[in-house]
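What follows is a pair of complexes built around chain A, which joins chain B in one and chain C in the other.
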Partner chain A sequence: MLFGLIVIFSLTAKDFASSANVWNVGTQATLLLLLALPMTLVILTEGLDLSMGAVLSLCTVILASVDIASGSLGLGLGAALAVGITFGVLNGWLVAWMGVTPFVATLGTMGLAQGLALVATEGRETVGVTAELRSLWEGHWVGLPIPIVGALVAYVLLHVVLYHTRFGARVIALGGNREALRLAGLNVNWYLMLVYVIAGVCVAVSAMLLTARINGGNASAAIGMEFDAIAAVLVGGTSFTSGRGGLLGSLFGVLTVSVLRNGLNLLALQASVQVAAVGLLVIVALAIDARAGKV
Partner chain B sequence: MKSIVDLLHHMSPERRTLALRLIAMAGLGLGLAVLADSFGSMNNLVTVLRQASLMFLLASGLSLVIISGGLDLSIGANVSLSACLAGTVIAATGSSIAGVAVGAGCGTLIGIVNGWLIVGLRIPSFIATYGTMWILHGVTYWYMDGQTIHGMPSEFRMLGSGFFGGIPLPVYLMSLFLLAGTAFSQRTIWGQQIYAIGANPVAAKLSGIPVNHRMLLVYTMSGFMAGLASLVFLARLNSAEADLGEALTLQAIAAVLIGGTSLFGGRGTLAGTLLGSLILAIVLNGMNLLGISANWQPFITGVIVIVSVLFDSLGRRRRA
Partner chain C sequence: MTNKSSTGPAQHGTVLETGGHIGTQIETRSKVSNPLLTLSGISKTFPGVHALQDVSLSLWAGEVHMLMGENGAGKSTLMKVMCGAYEPDAGEFRRDGIRVEVRNGADARRLGVAVIFQEFSLVPYLNIAQNIFLGREPMRCLPGIIDHQRMHRDAREVLKRLDFDVDTHAMVASLGVAQQQLVEIAKALSQHARILVLDEPTAALSDRESERLFKIIADLKAEGVAMAYISHRMEEVFELGDRVSILRDGKLVASMPASQAMPNELVALMVGRKVDMAYTRDARPQPGRTVLEVKELAAANGVHDISMKVRAGEIVGLAGLVGSGRTELARAIFGVDPVTKGEVLVNGKEFRAGPPEARECGMAFIPENRKLEGLALERTVGDNLLMAAMPRCFPKGWYIPAHANKLARDIIGQLRISTRGPHTRAQMLSGGSQQKIVIGKWLLDDAQLFIFDEPTRGIDVGAKEQIFELIDGLVRQGRAVLMISSEIGEIIRVCDRAYVMKDKTIAGHLERGDLDEAKLVRLAVHRD
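Now for the complex of A and B:
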C-alpha cells in the first residue's frame, strides 16, 4: 500500500519526490511514530488509547507555559512528563484494576485532558518558547534532524523492550492469552498499567517535538492525532483481537499515513479531506483484517 | 427516612435504578435552587427541559446500541453533517419538508453504513464507528469550508424553539420517542431480542435470534435519531456550522451511562436515559448559572463518564 501511494504521488504531485519533501515527510512522521509505537503495545493488549491526542495537547500547553514562565527547559519537560505519566496511571488503573473497557475509559480521560487544557489556556494559544526548546525540532545531531534521531532511539528502545525482555513477551501474551498469564500466577494488572504509562511517557516526549515545532502550546494542537496513530497501527497489520502484529508494521503504517497526508497536501487538498482519507484507510485496513481473520 | 430505604429495598432492580436517579436529580435541583436564585424560575426550568429533550433524542438511539452490547461513536459527527446538509437544502429551496427529509435521510443512511460495517464486515463497533466519525468529520469540514448557514424559515425554527400549550415542542418529541421506544424495547419480541443479544450474543445466536438483522436495525435507528436530533438542533440554533455536534458524543454517552445503562450490554432503560439527560442538563445549566466557564464542560463531562463507568464495573462485579 505504501509503495502504491508513493508511485501515485510521484506521478501526480510535482514536488513529492524532491529531497526536501522526503526529509519533510520523514521529520513530520516522527511525531506520529512516537504515538503509534506505544499505541501498538496498547492495541496488542486488546486495548485502545483515545486520550493520546488530548493528553498531547495538554502536555504542549503545560510544557510551553512552564518553559516560558521559568525559562528552564528541564522544568518544562519534567512537568510534561508528570502530566503524561499521570494520565497513563489513570488509564491503566481504570482499565486494569477497575475493569473498564479501554475505549470508554480513555474516552473519559480524553474529556478530562481536553477540558484541563481548555481551562488552563482559556482557549488562547501560548506562544514564544525558549530557543533551547525550539532547537529540538530544528536542530541537527551528527547531520540528522533531532526529531528523527529521537524517533529512532524510541523505536530501538521499544523494540528491545517488546521483543527481548520478559516484560515484552508478557505484553504480547496479554493480547491472545490473558487467562493463561493469570493462571500462571502473574498479576496482569501491573503489566497493563505499565503499557499505558509507557504510552504517557511517549506522549510527553512527542509533546517536546510538537511544542518546539509550533513554537508554543495549544489546547487543540493535537486533537485527533490519536486517530492517525490508530490508523498507522491498523494499517501496519496489528490486530485488535488476536494479539498479532508488531512495531515494524506500525513503522510502515506511520510512513503510509504520513505519505498519504503529505501527498494530498501537495495536491492542494485541505486537512479535512486528509482526515476523511485516513478514515477510509482505517475502514479498508479493518475490512482486510476481518477477512483474513475469518479464513 | 427508614421507609424510603425499605421501599427501595423491595423494588425490582430496574425500578431501584430509576428511583435512585430521581432522588439524585431532586437533590441536585434543590441544591442549585438554593445556590442560584434564577435556577427555579419557570423560564430556566423550561430551558433545562428543552436541553434535556434534545439530548434525549440523541441518547435514546445510543441507548439501544449500548443495550445490544455495542457503541456508536459517530453520532456527534452524524449530527454535524446531517444538520449542515439539511440547512443547505432549506436555505436553497426554502422548503422545510425537503430539509427534514434530507436531515433524517442522511442520518439514517450513516446508520445503515455503520450497521453494514459492523454486521457485514465484522468490524468491532467502537472502532468502525470511530472510523466513520472521522470520515464524517472530514467530509463536513470540507463541505462547509468554514462557512456558517444562517436564517432558517420561522416555521422550521418552531421545531426547536416553538411552544404548544406553554411547553416547548422538543418536549413533545421527547415524550413521543420515550413512549414509542419504551414500548418497542420492553413490549415487543424484537426489543427483547436486542436485550438478549447484549446480554449474551452467542446464546442469542444459538437460540435462533437473527442477530445480524437486529444489529443492523439498532445502528440504523441510532443514525435516524441522530438525523432527527440534528434537525432540532438546527432549528434551535438557527444556524449550522461544521463543529455543531462535536461535543455531543461524549455528552450522549454520559447521559446514557448516568441513566444506568450498562456498557457490558443487556441492561438499561430509556426512562433511565431520560433521567440521565435531565441530570446532565441540570449540571451543565447549573454550571452556567453559577458563572463557571464553559471551558470546564468537557472536563466535567469526562468526570461524569468515568465515575459512571466505575459504578457500572463495580456493580457488574458485585452481580457476578
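Now for the complex of A and C:
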C-alpha cells in the first residue's frame, strides 16, 4: 500500500519525488512515529490511548512557557516530561486498578488535558521559544536531522524493550492471554501502568520536537494526532485483540499515513480532506486484512 | 463400594497395609513422614453452586493420584485451587506437613506446584520458547534483558524430552491443538516442579504422544515428583495411577489404591446418586413425524459422521463429556458453524444456511451461556421476550407498546416466570427465570424444534424441575426437543432416548429401555 501511494504521488504531484520533499516527509513522520510506537504497545495490551493528542498539546504549552519564562531548555523539558508521565500514571491507574475501560479512561484524560491547556494559555498561542529549543527541529547531527535521529533512537529503544525484555513479553501476553500471566503468578497491573507511562514519556519527547517546529506552544497544536497514530498502528497490522502485531508494522503504517498526507498536501487538498483520506486508508487496510481472515 | 468417608492423611494407614504390590512406594513412604502436599477441608462456593465441599487430599512423593468424576464434579475447581488461581473459602494447605498459605499463582509456584492446563495458558503471538518460560525468562547480566539464546536452548531441551521436534521460534498461534498441548506440558516440565497437576493432558494427544508422556510421568515418579492426574479415561487410571479418588457434586466420595479399584465400581461412584428427585413424568404419547433429520453430517468445527433424527413430541438427549463435540454439533445443525459434508433436513426440507434461515425454519437454539448469547441483561424482560419475534408480533413494522406488553405478560403467565412484570431488567432475575425468558423468546417466535445446550447449568434445584416441566410441556404440544446435558441423571430422567457423543462423533444411541447410567457412561468414556 505504501509502495502504491508513492507511485501514485510521484506521477501526480510535481515535487513529491524531490529530495527536499523526501527529507520533509521523513522529518514530519518522526512526530507521528513517536506517538505510534507507544500506541502500538498500548493496543497490544488490548488498550487504547485517546489522550495522546491533547496531552501533547498541553506539553507544548508547558514546555514553551517554561522555556520562555526561564530561558532554560532543560527546565522546560523536565516540566513537559512531568506532565507526560503524570498523565501516563493517571491513565494506567484508571485502566489497571480502577478497571475503567481504556477508551473511557483516556477519553476522560483527553478532556482533562485539553481543558488544562486552554486554561494555561487562555486560548492564546505562546510563541518565541529559545534558539536552543528551535534547533532541535532544524538542527543536524552527523548529517541527519535531529528529529530523525530522535525517532530512530526511540524505535531501537522500544524494539529492545518489546522483544528483548521480560516486560515486553508480558505486554504481548497482556493482550494475548491475560489469564496466563495471572496463572504464572504475575501482577498484571504494574505492567499495564508502565505501558501508559511509556506512552506519556514518548508524548513529552514528541512535544519537544513539535514545540521546536511551531516555535511555541498551542493548546490545539496536536489535536487529533492520536487519530493518525491509531490509524498508523492499525494499518501496520496490529490487532486490538490477541496481541498480534508489532513495531515494524507500525513504522510502515506511519510512513504510509505520512506519505498520504504529504501527497495530498502537494496536490493542494485541504486538511479536512486529508483526515477523510486517512480514515479511508484505515478502512481499506482493515477490510483487506479481514478478507484475508487475519483480524 | 462403600468407602464413602472423606479421605485425609489419616487414611493412608490402610493403604500401607493393603497395597502389597506397590512395595517401592511403601519404602519411600516409610522414610518420608509427610505427604508433599496436603489439602484439607477445602471448600469453594460460586454464586449458587458449591463447587467444592470439604475436600481433603494428599499427594505423596513418587505417587500418581488419579482424580475422576463427571463433568461439573469439581475436578477443575480443585485443580485451580491447587495452583492458586482460586482462593478457597475454607480449608488449609500443608507442604511437607507445615501449614502454608496459597493465595495466588506466585504462592503455588513457590511451593513447587506446576500445572498442565487443559484450557491452554498460552499466549498466541509469543513464540514457543517465550511461552514455555513466560515469567521466568533467563536473563543476561544486563538487567531486564532476556537471554534469547539460552531460552531457546533450554526450550529445545525440554521439547526433546517430549520427542517434539519443532522450531522454538514458531508462534504458538501457528500450532495445532496437539502441538499446543505439548508446549503446555513442556511449560510445566520446565519448572522442575515437585508437585505436578495434570488436567486431562492426553485429551488432545495422539496415542504415540500419550505414550511418550506416560514415560515421562514414570521418570518423574522415580524422581519423587508427586502428581495429581485428572482423567476421564479408565485405562489411564490403571496404567498410571497409584491411587484414585472420585469427586462427585463437589465432594470427594471415595479414595482407594488403584490396584484395588474395579472399572465398574469407579463408574458407579462417579455417577453415584440414585434418581431421587421429584420430577417423574407421565408417559408421553407416541412421537409423530420427523422434524429434524441429520444425514452423515460433517462440519468445519470437527464433528463428523453424524446421523440422527428428532421427531415431534419427543425429547432426545445428546450426552457426552465436555469436548466430545455436543455443542459443536448443535452449532453445525443450527448453521452457526459451516457444514462441510452431509445434510440437515428440517421438516423434510434441506437446510443449509445461517441462523436467520434456521429461525425461519422454526428452529430455536438455546445456548449454554445464556448470559452471553441468549439474553440482553440490561434490557427488560419484555424487550428480551420480544427480541426474536419482532417481525411476527408486529407485521406492519410499527412497535406498539401496549401490544408488546400484552404478549410479554401472556408468556410470563404461561411460563410462570417470577418477575414483577415485563419492565423489570433481565439482570435482576434468577438463573431459572432467565432461562425461561430465553425459552419464552422462541415460543413467541413459534419455533417447532428446540435445541437446548445445558438448559439447567447454574440453576438451582427447584428451578431445574420447572424447566423440565416446561420442556415436557413443549413436546406435549407437539414440538421436538434436542437436549444437550452433561448431567447423566438429567438425560435419563428427562429424555425419551439419547445419542452419546465421543471424539466429535456419535458413539452410540440408547433407546428408552436401554437408557441407564452405566451404559451411558460406558459409551462416553470407554475407548473401545
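In this section, the second predicted complex is superposed on the first by the 287 of 295 C-alpha atoms of A that agree within 3 Å, B and C clash if a C-alpha of one lies under 4 Å from a C-alpha of the other, contacts with A are read in each partner's own complex, and residues count from 1 in each chain.
We adopt the following convention: contacts are C-beta pairs under 8 Å (C-beta built on N, C-alpha and C of every residue); 3 or more make two chains touch, one makes a residue touch a chain.
Just so it is clear, the structure is predicted and the values come from calculations on it, not from any experiment.
S.K.: Could you say whether A:L118 touches chain B, chain C, both of them, or neither, answering first, second, both or neither?
M.R.: first
S.K.: Between chain B and chain C, which makes contact with more of the residues in chain A?
M.R.: B
S.K.: Regarding the shared-chain residue A:H164, is it in contact with chain B (first), chain C (second), both, or neither?
M.R.: second
S.K.: Who does A:G185 touch here: chain B (first), chain C (second), both, or neither?
M.R.: In the superposed model, A:G185 contacts chain C only, not chain B.
S.K.: Considering only touches as defined above, state whether A:L280 meets chain B (first), chain C (second), both or neither.
M.R.: The first partner, chain B, only.
S.K.: Of the partners chain B and chain C, which touch A:R244 in the superposed model: first, second, both, neither?
M.R.: Only chain C; A:R244 stays clear of chain B.
S.K.: Regarding the shared-chain residue A:K14, is it in contact with chain B (first), chain C (second), both, or neither?
M.R.: In the superposition, A:K14 touches no partner, neither chain B nor chain C.
S.K.: Of the partners chain B and chain C, which touch A:A173 in the superposed model: first, second, both, neither?
M.R.: In the superposition, A:A173 touches chain C alone.
S.K.: Shared contact residues on chain A for chain B and chain C?
M.R.: After superposing on chain A, no chain A residue contacts both chain B and chain C.
S.K.: Which residues of chain B touch chain A in the complex?
M.R.: 71, 73, 117, 121-124, 126-128, 130-135, 137-142, 145, 250, 253, 263, 293, 295-303, 305-306, 309-310, 312-314, 316-317
S.K.: What residues on chain A touch chain B, complex-wise?
M.R.: Against chain B, the touching part of chain A is residues 48, 50, 94, 98-101, 103-105, 107-116, 118-119, 122-123, 224, 227, 230, 240-241, 270-280, 282-283, 286-287, 290, 293-294.
S.K.: How about chain A: which of its residues touch chain C in the complex?
M.R.: The contact residues of chain A facing chain C are 160, 164-167, 169-170, 172-173, 176-177, 179-186, 242-245.
S.K.: Under the stated contact criterion, what part of chain C meets chain A in this complex?
M.R.: 83-85, 104-109, 115, 117, 120-126, 130, 134-137, 139, 144-146, 148, 173
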